[in-house]
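Common to both upcoming complexes is subunit A, partnered first by subunit B, then by subunit C.
Right after this comes the complex of A and B.
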C-alpha cells in the first residue's frame, strides 16, 4: 500500500499541498482527480522522491522510499524519460542493464501490442508513440506499483484507446496504480478509487463501485457536486 | 559498484561522438601544423643560406636553431588544446543540465534507478576525469609523433634539444604534464576537487532554484576559502611552518572540501533535488 500522510509542500511562498493524505492499495487503480495546477504531479514526484516535501510522510508498503523501492514502484511521467537519440531497443537495453525486474518478454509483448518498431529512434516518434514508449518502459518492469501522470494528455484517439486497453489487460492486474488525469471520462469505468483534490487538499476519497452501487452516482456526478459547491 | 561502472560507461558514451571530433581536430591541427611549421622553417633556412651564401653553421650562429618549443607556441598546437579545455569546462555544466532541459528529461530516469543517487554524481565525475586524462594521453602520444615529423623535415643539426620536460616546456606545460607522480596526483587531485565542488554547486542550484544560485556561489567561495587557508597561512607566517606542515594542512583542507562536497551532494540528491 502507498500511504501519503499529511503531506505539505510549498513552492516559494505558495503552499501547493496543504496536509494532503490518501492511500492507494495494491491491485487497485486509484485516480487523483483535480483541475490543472492542483498539485497532482507534485504528489507523484513527492512519492518518487523527485521533489522534497516540507512535512508529512510517504510510505510504500510501510517503508520510506529507498534505492530498492525503485524496483517496486515506477513512475511514468507525461514526458519521455529516455534520451531522444536512443533507439527503442537501446532504451530496452538500458532498462535491462539497471533494473533486475525488467521483463523482456513483457516488453516484447507490449512492443507488438503498441505496434512499435524497436529500431526507431525516440526523437523520431510521434507524440502518441512517444507516450506509448514511455508507458512501455514503466509497464515492462515487474513493479508492484505504477504511477502514471496524465497518460492521455495530448494524445490522438487511437493511441488513447490502445493505452486504455492496457488498463483492462493482465499488464495491470495485481498491481497498484495511481493515475492522475483531468479528463476522467476516458477511464472512469476502469478506476477503483477516486481521490478528488482541490487547492492542495483531498476533498473526497471514495470507492467508485460502492458509490455507483449505494448512491447511483458516477465519478463525474460527484465531481459536479464537489467542484461546483 | 556494477551500476557505477555501467553509468560511467554510459556517461562517456554520451560524449563520445563529440570527443572523437575533439580528438580528430587536435590530431589534424597538430600534425598538419608540425609539417607546415617545419617546412616553413626549412624553406626560410634554405632561402637565407642560398641568398647570403651561409653554411649551416653560420646560419645557426646568426638565426639560431629550431626548437620544438616554437611549434608548441604556434596556433596549430595551442588552439586545439584550448578548444578541448574550453569544451570540457563547458561539459562540466552540460553533463548535468542537459538531463533537465529541453525535450530531454532523462534526469527522471537517472534519479529513479535502483541505485544510490550519489552513484550518478560519482559516475559523472569519473567520466569528466577520464575524458580529461584521455586527452592528455593523446597529447603525449601526439608530441612524440610530432617530434618524429619535425625530425624528418628539419635535420637534427638545425634543432636544439627538446624534451617535453625541458625548461621552457616545463614552465608552459608543467600543469598539464606533471613531472613526477606526486605532481600528477597533486595537480589532477586539485582538478578533481574543483569539478566535485562545481558539481555540488550545480546540485545546489538544481535543488533550490533562484535562491540556489546565490547558495551555489556562497558554497563555491567557502570551499575556495577552505582550500586556500593553508596557502594564506604559509604566506602570512613566513618561515613559521615547515613545508611538510603546509603540505599536510593543505591535504587536510583538500580532504575537507572534497568530503563535504560529496556529503552535501549526497544529501541534496537524496532529500532536496527537484525535477
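Right after this comes the complex of A and C.
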C-alpha cells in the first residue's frame, strides 16, 4: 500500500499541495482525477522523492522511500526520458544496466503487443509510438507499484484501446497502479478507486464500484457534483 | 465478445446480466467452461477485480459452479437455467408495460401491434440468414 499522509508542498510562495492524503492499494488501480494544475504530477513526483515535500509523510508498504524502493516502485512520466538518438533495443540495454528488476522477457512480449520495431530510433517514432515505448519501459520492470502520469494524453483512439487493454491483462494484474488523468470517461470501468483532487487537496476518495452500487452514480456524475460547487 | 457498459450500474452486475443473456440465448450451454477471471477481464475490458466479483456473485446465485481446481462451468441445474430465462423475459415485459401504461393504450391494440412487428422482425431475421 502507498500511503500519502497530510503532504504539503510549496513552489516558492505558492502552496501546491495543501495537506493532501490518500492511499493506494496493491492489486488495485487508483486514479487521481483533477483539472490541470491541481497538483497531480507533483504528487507523483513527491511519492518518487523526485521533489522534496515541506511536511507530511509518504509510506510505501509502511516504509519511507529509500534507494532499494526504486526496485519496487516505478514512475512513467508523461514524456519519455530516454535519449532520442537511442534505438529501442539500446534503451532496453540501458534499463537493464540500471535496474535489477528489468524483465527482458516481458519487454519482448510488450514489443510484440504494441507492434514496435526494436531497431527504430526513439527520435523517429510517432507521438503515439513514443508514448507506447515510454509505457513499455515502465511496465517491463518487475515493480509492485506503477505510477503513470497521463498515459492517455495526445494518443489516438486505437492506441488508447491498446493501452486500456494493457490494464486488463496480466501485465498489470496484482500490481498497484496509480494513474492521473483528466479524461476519465473512457476508463471508468477499469479503475478501482477514484481520488478527486482540487486546489492541492483531496475532495473525495471512493471506490467506483461501491459508488455505482450504493448511489447509482458514475465517476463523471460525482465530478459534476464536486467541481460545480 | 464485447459488451457496452454503462457507467452508472455496477460493472459486476452488468457482467452477470451479460452472462444471463448468453445463457438464455443458449450461447452458453449447461456445463460449458467459462473463461478464467483474467480472460474475462481481458475480453470485456474490465478490471480483473470486477471479473472476480462477478464470478463470486454468480457462484453464490448458482449460475456457475467450480469443482476443486477446475475452471468454473455454467450450471447444469435445469431449475436455475429456467429461472434465468423467465427472469429476463419478465424484466423485459415489465419494462414494456411500464412504457405502454404511461401512454394509455388498450391491451388489444398493443398485442396486435406487437404481433405484427414481431412477424416483420423475425421475417427480416430469416431473410438476412
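Operating definition for what follows: the second predicted complex is superposed on the first by the 229 of 229 C-alpha atoms of A that agree within 3 Å, B and C clash if a C-alpha of one lies under 4 Å from a C-alpha of the other, contacts with A are read in each partner's own complex, and residues count from 1 in each chain.
The definition used in the following text is that a contact is a pair of C-beta atoms (placed from the backbone, for glycine too) under 8 Å apart; a residue touches a chain by one contact, two chains touch by 3 or more.
None of the values given here were measured: they were computed from a predicted structure.
For the composite obtained by superposing both complexes on subunit A, the positions of subunit B and subunit C are free of clash and fit together. Applying the stated contact rule after C-alpha superposition, one finds that A:45 touches subunit B and leaves subunit C untouched. Touch criterion met: A:218 reaches subunit C, while subunit B stays clear of it.
Applying the stated contact rule after C-alpha superposition, one finds that A:185 touches subunit C and leaves subunit B untouched. Legend: residue contacts after superposition of the two complexes on their common chain; A:6 is shown touching neither subunit B nor subunit C.
Within the superposed three-chain model, A:80 lies in touch with subunit B and out of touch with subunit C [touch as defined at top]. By the document's definition of touching, of the two partners only subunit B reaches A:67; subunit C does not. By the document's definition of touching, neither partner reaches A:54: not subunit B, not subunit C. Of the two partner chains, subunit B is the only one touched by A:99; subunit C is not. After superposition on chain A, the vertex angle at the CA centre of subunit A, spanning the CA centres of subunit B and subunit C, is 160 degrees to the nearest 10. The least CA distance from subunit B to subunit C in the superposed model is 28 Å. Residues 5, 7-13, 38, 41-42, 44-50, 53 of subunit C are the ones that touch subunit A when the two sit in their complex. Within the complex formed with subunit C, the subunit A residues making contact are 27-29, 164-165, 167-170, 173, 185, 188-192, 209, 212-213, 216-221.
Across the complex, subunit A is touched by residues 3, 6, 10, 14, 103-106, 108-109, 111-117, 207, 270-275 of subunit B.
For subunit A in complex with subunit B, the touching residues are 45, 48-52, 67-71, 74-75, 77, 79-84, 94, 97-100, 123.
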